Amino acid sequence: AEKEFRIGILGGENEADRLRNFQCMVDKLPEALGVEKVSLFPSADYDGTIQGLLGGTLDYAELGASGYAKTYLTNPDAVEPILTTVQMDGSTGYHSVMVARKDSGMTDVKDMKGKKLGFADPDSTSGFLVPSVTLPEAVGAPVEEFFGSTGFGGGHENLVLEVVKGTFDAGTTWASGVGKFEDGYSSGNLRKMVDKGILDMNDLVQLWISPLIPNGPVVVRSTLDPEVKTKFKNFMMNMPEADPECFSAIQGGNYKGFTEVNVDFYKAIIAARKAKIGS
Amino acid sequence: MKDMKPPVEMSPACAATERHWQELSRKRRRYTLLSVGILLVALFGSLWFANETNAGKFFDRLPYFFDFFGDMIPRDGWEIWRALFDLPSPYFDGSLKFNYPDGRVYLIGSLYMPEYVYKMLETINIAIFSTLIGFFLGFILCFLAASNLTTKKWLRFVVRRILEILRAFPEIVIAGFFVAVLTIGAVPAMIAVAIHTIGSLGKMFFEVVENADMKADEGLQAVGANWVERVWFGIVPQVLPNFLSYALLRLEINVRASTIIGAVGGGGIGEALRLSISRGHEAKTLAIVLLLFVTIIAIDQFSAWLRKKIVGNQAFAFGASA
Amino acid sequence: MLELTNVTRRFGANTAVDAVTVSIPQGQMVGVIGRSGAGKSTLLRMINRLIDPSDGSISFGDKQVSAIKGRELRDWQRDCAMIFQQFNLVPRLDVLTNVLLGRLNHRNTILNLLNIFSAEERAQALMALERLGIEQTALQRAGTLSGGQQQRVAIARALMQSPKVILADEPIASLDPLNAKIVMDSLKDINERDGITVVTNLHTLDTARTYCERVIGMFHGKVVFDGPASDLTSDAVKMIYGSTAENEISEAITSTSIKESSETEKAPAMSLASAEIASPA
Amino acid sequence: MNTIAASPMQPDMQEMIARYPAVFKPSFFKRFRGLIIFIAVIIYAFVGSSFLHIGKVISNGNWDIAGAYLADWISYEARPDIKFENDYLSIEFPRFSALGKDPHPDWIVESQETKEIMPEVEQYESAAPAQAFSFMAPDAPTAEKPAEPAKPASSFSFMAADAPTAENPSDVGGASQEAKAEIKTVTTKAEVSIGPAHVTVIPGLVTITKGDETLVIDVERDKAVHPRGQLPSWAQQKYENEKVVARFGFDGRVEVQDYKVKVHHRFLGWENFIFDTNSPFWKKSAGEVFSLIMSGDRIDPEQSNFMLAIDNILNNGEWQHGDVWLKLMQTIVMAFVGTLFASIIAFPLSFLAARNVTPNRFLNQVIKRFFDFQRSVDMLIWALFFTRAFGPGPLAGISAIFFTDTGTLGKLNAETLENIDDKQREGIKSLGASPVLVQRYGVVPQVLPVFLSQSLYFWESNTRSATIIGAVGAGGIGLKLWEAMRTNQDWENVFYMVILILIVVYVFDTISNKLRTKLTKG
Amino acid sequence: MLELTNVTRRFGANTAVDAVTVSIPQGQMVGVIGRSGAGKSTLLRMINRLIDPSDGSISFGDKQVSAIKGRELRDWQRDCAMIFQQFNLVPRLDVLTNVLLGRLNHRNTILNLLNIFSAEERAQALMALERLGIEQTALQRAGTLSGGQQQRVAIARALMQSPKVILADEPIASLDPLNAKIVMDSLKDINERDGITVVTNLHTLDTARTYCERVIGMFHGKVVFDGPASDLTSDAVKMIYGSTAENEISEAITSTSIKESSETEKAPAMSLASAEIASPA
């Protein structure tokens, strides 16, 4: 069997409210999986973790959808998605939303014709990839033609602030899409900003919301011992009930539990990534 | 005394010296063994620790050492060229990977500047700008920190601690903070690098000032010059060549620093590099690395040449001063 | 009239200048002699207020020199030019600028910092250089000049201060004899033609004899001789230089500087030693 | 007679100018050199700043946010929500509140009553009903499930067809509740003190008092917010009927919304710095903790209280001391091992690179260019490269530092060697010593202290660099710092780590200075 | 018997040593004098083979010194110790180690690299130091000693080589007279007691006269005088030092070193100038 079980942790847009604390897994997994040791390896961006998975130096990680897509595009056999999180409302995804200032008078994405659109960050699924792939459909024209100009706002939070300031006429960020808009939905970037007190949702209107974007998968290395793989899957599936504290510590946010997925669940996002980013 | 025979008998003085020598050498041997021991323990402990806390284990990973290079091989060699100059690629499939012309920065009409050249210019500008800021503020602060010019001990103390903190404060934190407050891009990187530059140039400068010859200053004092005039005419002409030389060295360092800060959100070429690496755009990555390599060597050589002109063939002794 | 009353300076336990009371009328040329460490430099530096007296008072006319501060102090320093053994010029600036620096205190700081000097000032500086015979070096860097030339630049700078007093601290100690003569002649000339008081430390007796109307001898911080050069009897010399040890003091001990070389200060010790060495085993 | 002392000389200007043209009419460049350089710098400053858009970026900065972030470095907020229910109030704290799981802070006074109430079932509303399900991704398997009845507006879906969504939630852990009246003790009035201000909330009415000003707000539940009379200067209502915000400076603020009152109360200090809210030692005074450790009953039967306390501190969920220190240790180790190896490898190479030691020009050049290569490919690029090779962690950092610094130290050492005093070498050579011994006694003693001193300097400076390359994944504390920063809400953790780094750098700086002085002087 | 035949050394177009033919019997003490640049140092360095002759041959006994290489060359260098004007010690090592370095060529490389010396060797070194009167400094760093002490350490190191010849290149030029005497006395003593040939460059005539049985005078690379010191007539001196310019060569030019100070070389120029200065305007 395996000696060490290596967990890759990545930050990203779908990240929990707090720095996540995987300590409970380090404590419990050895027994559950029959390994000697569990170690944690955080990385700066998707890429660190992805490279770890591709190189086989990590056994398990929770990726963003786009990050998984990249892994898949680079090497379809490197990892297997086994689970994904389910939100409190039962949905297994989140949305990219386009917000503008309320006093702009705009109510729909069609009003944005010729105006300036801000994306959050070139590396972001909801802030760039999804809108740039789906918006042409929604507005009926290529992004470059429909919008006057586009730019990057320097991260989700910053983008929204730029929109409020008027640098961009509208911007795309992520939100759970459930809950009250005035609260910034139940979770997501808008909510975080509201909680911090740096944003007043009454200043904003929502122009557009994307199709649901799947939550990122829990992936394991394909070459992992099948027995360990199964044990791990069971452990995770049971966690929300068996150890809700640990679950909320590693997931944060408004999640209810895990559900099983496979590669197909992410085919669309993989296709989008392939079309837009190329790999 | 053709043949120095082993001494039958040494004079008392010699015998005493010999005893003393043996004592000393025993002590020295003990210290040497002890410090070598400590060093070895520290080294192996560190290595073990590093290996243990690393995702891949050193020996497991060695065979895969060049995998990353493998991923970096572009489809054809000309891709690098096209990526560098934003020329259309025959492999263009609608994705960003081969969409090189996308990044062109149009100057007039159809005359454009390739994206990475522009970004590189941005990085160089960040470096020059922050070096300038660091130079001016470091210049002002250094005289206040020099013990031969500032007699108030508390003032010196305060200025030196400020310089120290500016120097040691992690650049990414400053960059990260200003990315949050301002926006992503060049300015936070510039502020971060500038702040560090103030600290390190300030420190180097005041060491130069402290080694300055005070005769001219005394002469000016006797003329009735005030503090500012004494510094300006008595010290500045002496130290300026050294200051410039250090500033040039700093410029070199800052080009690198700006790249690094760029990679963690500070704009410029560093950001482009990180993005293209994380997106797996090999040709772009190689183009950027090539550009960086050429630029850094060019700046290196230029500043070495200029330094030589300014202060002659005087090597920098890092850590020469305590 | 420059008056020193009971001027004392202590460095820790060491009293460098000990209750010196001297008064120097305007326009006099005074030589201060004494052994190394006698306190000559300290005395001059106190007059220019580069260091403060521990005790006693210095006054010039009705100005209480030893008590002033700030602006007033700098004005006094302007009126009381100082010339140093090591010239203390700014070697990287050109000669002309060095001379112009003498006018710093006559002008406004901003103009000074911007290095803007009027044509008149430059003309004056050139005239001062001309007078000392080094006008052709005006645009050279001061650091590239010979010692004698540098000292003359220092004197030109002093002249630019329009001083009332010139203090010179062993102005010729690092010069060769020819240059030494030129420099002393210049000082004498300034003293005679412009009526500026000149107080100069000298470590050679015969220079003092030749140039100074009045000689002050110091020993261990105290004034032990004060009078015209002609009064310098061999007893007086003995008092000043301390009649130490076995050998008679010969004028040669202190007179070598101009006649032979500036480095012979340690000569006595050597000639002593050489007596034994001369006949090797 | 020309008396300088009395009045400055009155020179004949014409004649002087004629005599010294070089002085009075210097060449253009000479005269204006300073000015030209000055103007060039100013022009560059303008060009450069417009190139980097410095003015615009700085004036557009969210400077008030900077204040909020900076406040976060040294303080924390408690954010209870007081919700209006049917005729009563419920007070909720966020999940990860600094005040613990079920706090009843003394700055909120609750008045309670027992009455019959109808519990409300929390309803999630989805904002994207039209698109939440729909089209298949082209290659997603579609056969198992029948197509949804309503086609969405978008032809896109990133979800596989069988994915549970808001409309058809899968039964993961969800159990529906039935509403039924019950008798309960509920809160009917809450009084909150925030610094100088005092807020009283009862269903439908909020009263805020600050100093001698009082603001009364009527709340129509889920409809509107109506302040009575003029708003004081510290309160604002941006849109009619919508929320009212009352700000009390650093102490916090209150937002009155139509369905809840959001309270933000800021406290100076680092919350739960030693024990987090999950720890049994949380909120206990030092004395209590001490006595528990020394003599208390075992809280956890498996370990002593002392071990438990240590464990709780190290695993503090908010501050993660254990992890932070481990990462800091990694940074130190990276700098130490990287510099040490670089010094060891650079040592022999620099002898080969030095012209005066190795008379082979070709070899000198090859090695010197190799050094250049190592230096000019940035530490960052090496870090990225080695992260790929070794996976995230300190091995990558060590290798990056090692590679870059071999170049830098090698170059510096070679320069040192080229500047050595040849007398000593000659002295040893004249003894008939072999070439190796000439190096050993004629060269090494004079360069070794300089080499060591340079290595020490780089050790110290690499401790600083190591924090940066960590941010790209090469191990060490840099990554943690970067992570803590980019969520923009854990600035207190950032500050904590910065302080640790400053301490480490300061300590190493001092040690390395001491050793260096000893080496170069002694 | 050290024999130089037609030894020549060219540096580019400049011939530093020009066809020197000299033979020195074992045990002689030879002084080489000549102006700066005459080729004295070059000659000595060729004998020790620190540089190679361009032409001619050097032999010692039946060893063809100018042709050997590698191991053999190093052995010759061991037998032919060299003492330098600047001492060329390793200042950071202690005196004892510096002296022990003289035995490098007698031992095995590994031991040498590890700096391991036997107790006998240390005792020898200490005795050598004692003989030169500096045994108390044995454990100090060489760099902290005075010039004279350092030169004696260099001599002790030379003794440790058990040499047959000692070459000394201006061994006393950077020493004060007292130390100079001690050093020269030591060399003389070694020459007389141990029968080691000593060839020493000197820049002072009287030292050569005092200590050397034979004097070789060089001028422009050529030997222009070779004979006992007593044969050094003023004509010979003129030949060696070149009868340049206006002033007569007096012994004083070169004799100051021991009798007065080592820095008085420029004295003649000064005493010339002082004639004019003595009577100021």
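Order of writing sets the chain letters: A, B, C, D and E. Residues in each chain are counted from 1.
Here is the rule we go by: contacts are C-beta pairs under 8 Å (C-beta built on N, C-alpha and C of every residue); 3 or more make two chains touch, one makes a residue touch a chain.
All of these numbers come straight from a predicted model, not from anything done at the bench.
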Message: If you apply the touch rule, which chains end up adjacent to both chain A and chain C?
response: B, D
- line: Judged by C-alpha centres, the chain sitting nearest the middle of the protein is B
Message: Quick check: how many Å separate the C-alpha centres of chain B and chain E?
response: 49
- prompt: In whole angstrom, how far does the Cα centroid of chain C sit from the Cα centroid of chain D?
  reply: 61
Message: Can you compute the centre-to-centre distance for chain A and chain E, using the mean CA position of each chain? Integer Å is fine.
response: 83
- prompt: With chain centres defined as C-alpha means, what is the inter-centre distance between chain C and chain E in Å?
  reply: 44
Message: Show the residues in chain C shared as contacts by 2 or more other chains, in ascending order.
response: none
Query: Which chain A residues reach two or more other chains?
result: 8, 41, 44-45, 47, 51-52, 55, 57-58, 155, 157
Statement: chain D residues touching 2+ other chains are 60, 62, 65, 388, 390-393, 471-472, 482, 486, 488
- prompt: Which of the residues in chain C come into contact with chain D in the complex?
  reply: 96, 114-115, 119-120, 122-124, 126-128, 135, 138-139, 159, 162-164, 190, 193-196
- prompt: Where on chain A is chain B touching in the complex?
  reply: 6, 8, 39, 41, 44-47, 51-52, 55-58, 70, 73-74, 121-123, 152-155, 157-158, 162, 274-279
Message: Can you tell me which positions in chain D touch chain E when the two form their complex?
response: 423-424, 426-434, 436-437, 440-442, 445-446, 449
- request: Please give the residue numbers of chain D that touch chain C in the complex, ascending.
  value: 1-5, 7-9, 11, 13, 16-17, 19-20, 22-24, 34
Statement: Listed in rising order, the residues of chain A that touch chain D in the complex are 8, 11, 15, 17-19, 21, 23, 41-45, 47-49, 51-52, 55, 57-58, 65, 86, 88-93, 95, 97, 130, 133-134, 137-138, 155, 157, 161, 165, 167, 175, 177-182, 185-186, 192, 195-198, 200, 202-203, 206, 209-214, 240-241, 245, 248-249, 252, 256-259, 261, 264-269, 271-272
